[in-house]
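Both complexes shown next keep chain A, but they swap its partner, so chain B is in the first and chain C is in the second.
The block that comes next holds the complex of A and B.
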């Protein structure tokens, strides 16, 4: 099998670098945090300095320690929820797309329902019925997030499975008598990999966003540090009006950076799936290297069409 | 026609599923949340209120589940969604007084950001490969910023530091609500900043999606044909844009849900009256009847918006009208 060539565009590289840093922080964050995030013994409202790189909060806590410790829970919940949601969407999408008929009708209806119901309110409702102890449990919260976030991936995977179902190689596998599961996992599965990867990244993105939102609302345990709870405490203490940007900005920017990195990697996967996007991504230097005089327009190999266009514009 | 009926069927089914989930969830959740709530409320609210909650959630009643279910539907048909515990007013009344703020704010924001985002997407898709592409990383970053965070930053910069905008609320509290010019002007003034924060955070998504579709569409044969015919550039662009916008409209279902979810929190940041604000306080106070009512209302509004998006798609894409029965 041809090895997968993920385009090594700068977008993907930057995305991978940022994500790599955050994964590293997830692993070692709590160890390299300079102070205990709960320690309230520092001078409150300090601006960033060498003692406190990101300053201190109104409650006299060290901001960077909270950020580093909170990284782990945030990322782990995102990862758990993303994994679970991808598994659900893969099973549903494959089954609906390959088996078809009644199974497809039922499963498609189910995913359409979950697509139409707005996720966050549903999540808030389910979460509020959970016993108080479970609300603080990242595993349970991750599971609930996964239950509300799988439908999008399932729909995309179903569409792709349906387009693969009648290809010759699948037909051949069917004729030589391979079992249904083997065809789904062995023949169709590998061809879905880019889409599975894209939907995995998308659901992690969604999960991190939703989890921090829940935490921001104070719906998870506000004593466990994650980026959402940091913003929750900043909001309850009116950090915005006190102009304490060093308290607000780190968690918000961290969330946005994780999201950006995942989206950038997704761009690479998109370009892998859809080559037309790839051609559009050529920079001036790359174009010169391959000998393109002009940037590609309208999807053709660039030829000197400018006269045509000028004539057209003047008529 | 068949597809239209199918879509409608899905929405009806979703509505039923939402209503049923509202009935089932509090009854089947582990740890019996309603019993705990009643325990906590004992002595804090009137006995009538406790009796009402017990009746609504089927506590201590010896009726079988399906009788309760029928009763629940009967109440819904009469517009009765129970009584809010914290506000001591019927949920339907609370919602109907607050929902217009939300619909006005989020609805306007959604339309504005869709139009601006799509227009920008067309432009950037058309000029792909040029320097304008450097907007992509910026837009990606903006797209990943949580709505509420952007709102907080806007408050800090423009309301807190520069004092350009009012900080909180929906209108100048010294004015009497009514159809006076001063009141309407103040409503618009107070909506500016929340509106901006929603538009800014949702704009990038539309833009990136539209740009990708535009890039793909521009390499279709019919666009080549249009260029070959010698149409002016602007007409070619319009030609391609009209075709590229269809997937964006088809994807509205997914994005409306995300947009509404994100915007609900913006209300809380700006202390803007409305359903999002109610939702947050209902959760904080474990006001289950209100919570259920809000969930129903939000889901129904989103379903209605999806239906509108479907109609729009139907109008825009002639193929859906002539689709043969397959």
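The block that comes next holds the complex of A and C.
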């Protein structure tokens, strides 16, 4: 009976808007790109103009076309990796936390190993073994990134599952004979939602970052366009030395914006999912409207005289 | 009781609490005024959702969000080192509140027994409070005081070495009561301290509280929905319904001769231990939805004596019978022409003595 409502927090709204724009660009980017990103027939090193909104590269390519075309692969890899990593971490975390015993020992060992191995070198190694064709396949690259990025989420979910495991409502479900699966998915799962959601968002962010890094290092197929390969070409052509900021800045800012939007959405997730917080949560603007000076705190109930309330409402 | 009871510990006027903000606000306690004398015991009774707990959490400003205090004054008359100081609870800063809490006012909550840290021995909890309160005290002095406090609630000294899981629910609740008394507060608030316990333990704790009050002389607000328990413990009883006080009277009189139909209904909901077997009637219906309270008297839809006036006008809490008790019911209005049922009339006062 959870009623979904539109989040009112401005942070979340801004985050959703930015992410929405990037998702839209993911869908239609290649179609609205003004030129072919591989076309080298333009005048090189043009500053941004109406002809070339973000200028051109040293190789005579149109930057905005590269950005728009590259958006799709970057975002798709990010979402695939984020989704896969969240699923792996959920399965491992729930199983380890709920079943316990040997299962827990084994799975914990596994996630500790993955936590201890530095992610990027591992990725580079795995990636170098991929056939050259597969290096450009977003699904394969996403899977590889997910393989290195699930362990942190699994640990957090395991800890939370263990704490929920002994709560009365879970014990009651065990006593009346609910199946293990039902308890894990029906009783514990929904209580993990805030953590799952937060871990999902940050894994997407991690994946976008890692994918860009790999591409920047030239470890993916540099002939496919994504924000990392844009930076790779900018770097190999000394864009920074030549002060060609319009080449370097767009992919960098795009990555930063995607990251910002995910972080902003994360602010609202707790409030959105937790019914208790939803009732008690007041945005700063709502507080001002009802004339409340400070956020309510435990052990310090706010006093709100009705005269002040009326004044607050009328102004 | 004595002159002491004329000196107030707590004065509350026109106190109201809302849950929620702005247009979503629901009034949970409305316009409550009362005053509590030194070493008096005030019982607060009422159904679930009548605003009893909200009232005391609001008074102590312990109410969680989205609770908001919307009107009134709460004045605490301090004792001890700050004797005679009138402390305004609603304008106090967090620091000022912190200084008054525990040393002047303490509270034992319904599930207080879960507030003990499972990794600490009971003695450690006592030691910490006492040290914080008086940094010059020696460890042995603190330990002696802790033993003394445990003895007050009928626990042996060796319990100090125990972990919370080694104590029973009743013992843990006693530990919490002892802790509430540790700094000799002037006012102790008990929010259904015995609800989680069985009747035997409940009985023991209540009689201990009664003795403690006699011995230490603190004032107490005791919340419960068990009126018969209150009759034994309290000097005065306040009955709440839908966030309002509907009747306030000395305990024995309230029990022997209720004036409000709701109080009568509450009393008829508990079987008497002696006398003939009677069919329990209870109160038909359920408490009103505070989001859309009924017009007029909040109790009228469930009231057997409701008449036209009750449906349109809310009765104020007025003093009756020389002002030593008060009731919010049109039946007792001087201009009322309604026939007061015998069970609620002055004639029923003859039952006093049998009832208690």
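By our rule, the second predicted complex is superposed on the first by the 261 of 315 C-alpha atoms of A that agree within 3 Å, B and C clash if a C-alpha of one lies under 4 Å from a C-alpha of the other, contacts with A are read in each partner's own complex, and residues count from 1 in each chain.
Keep this in mind: a residue touches a chain if its C-beta (ideal position, glycine included) is under 8 Å from a C-beta of that chain, and two chains touch if they have at least 3 such contacts.
Here the structure is a predicted model, which means the values were calculated and not measured.
In the superposition on chain A, A:177 contacts neither chain B nor chain C. With both complexes placed on chain A, chain A has more residues touched by B than by the other of chain B and chain C.
Contact with neither chain B nor chain C is seen for A:101 once the two complexes are overlaid on the shared chain.
Of the two partner chains, chain B is the only one touched by A:124; chain C is not.
Across the superposed pair, chain B and chain C both touch chain A at residues 280, 282, 287, 296, 298-300, 305, 309, 313. In the complex of the two chains, the chain C residues touching chain A come out as 18, 20-22, 57-58, 61-71, 90-91, 94, 97.
The residues of chain A lying in touch with chain B in their complex are 11, 14, 109, 112-113, 115-122, 124-126, 128-131, 134, 152, 205, 209, 212-213, 216-219, 231, 234-235, 239-243, 245, 248-249, 252, 255-260, 263-264, 267, 270, 274, 276-277, 280-282, 287, 295-300, 305, 308-309, 311-313, 315. Interface residues of chain B facing chain A in the complex, by the touch rule stated above, are 10-11, 13-14, 17-18, 21-22, 25-26, 29-31, 33, 36, 128-130, 133, 136-137, 140-141, 143-146, 148-149, 152-153, 155-156, 160-161, 167, 212, 215-216, 218-220, 223-224, 227, 230-233, 253-254, 256-258, 260-262, 264-265, 268-269, 279-280, 283-284, 286, 288, 291-292, 294-295, 298-299, 302-303, 306. If you check the complex, the residues on chain A that touch chain C are 279-280, 282, 286-287, 289-290, 292, 296, 298-306, 309, 313.
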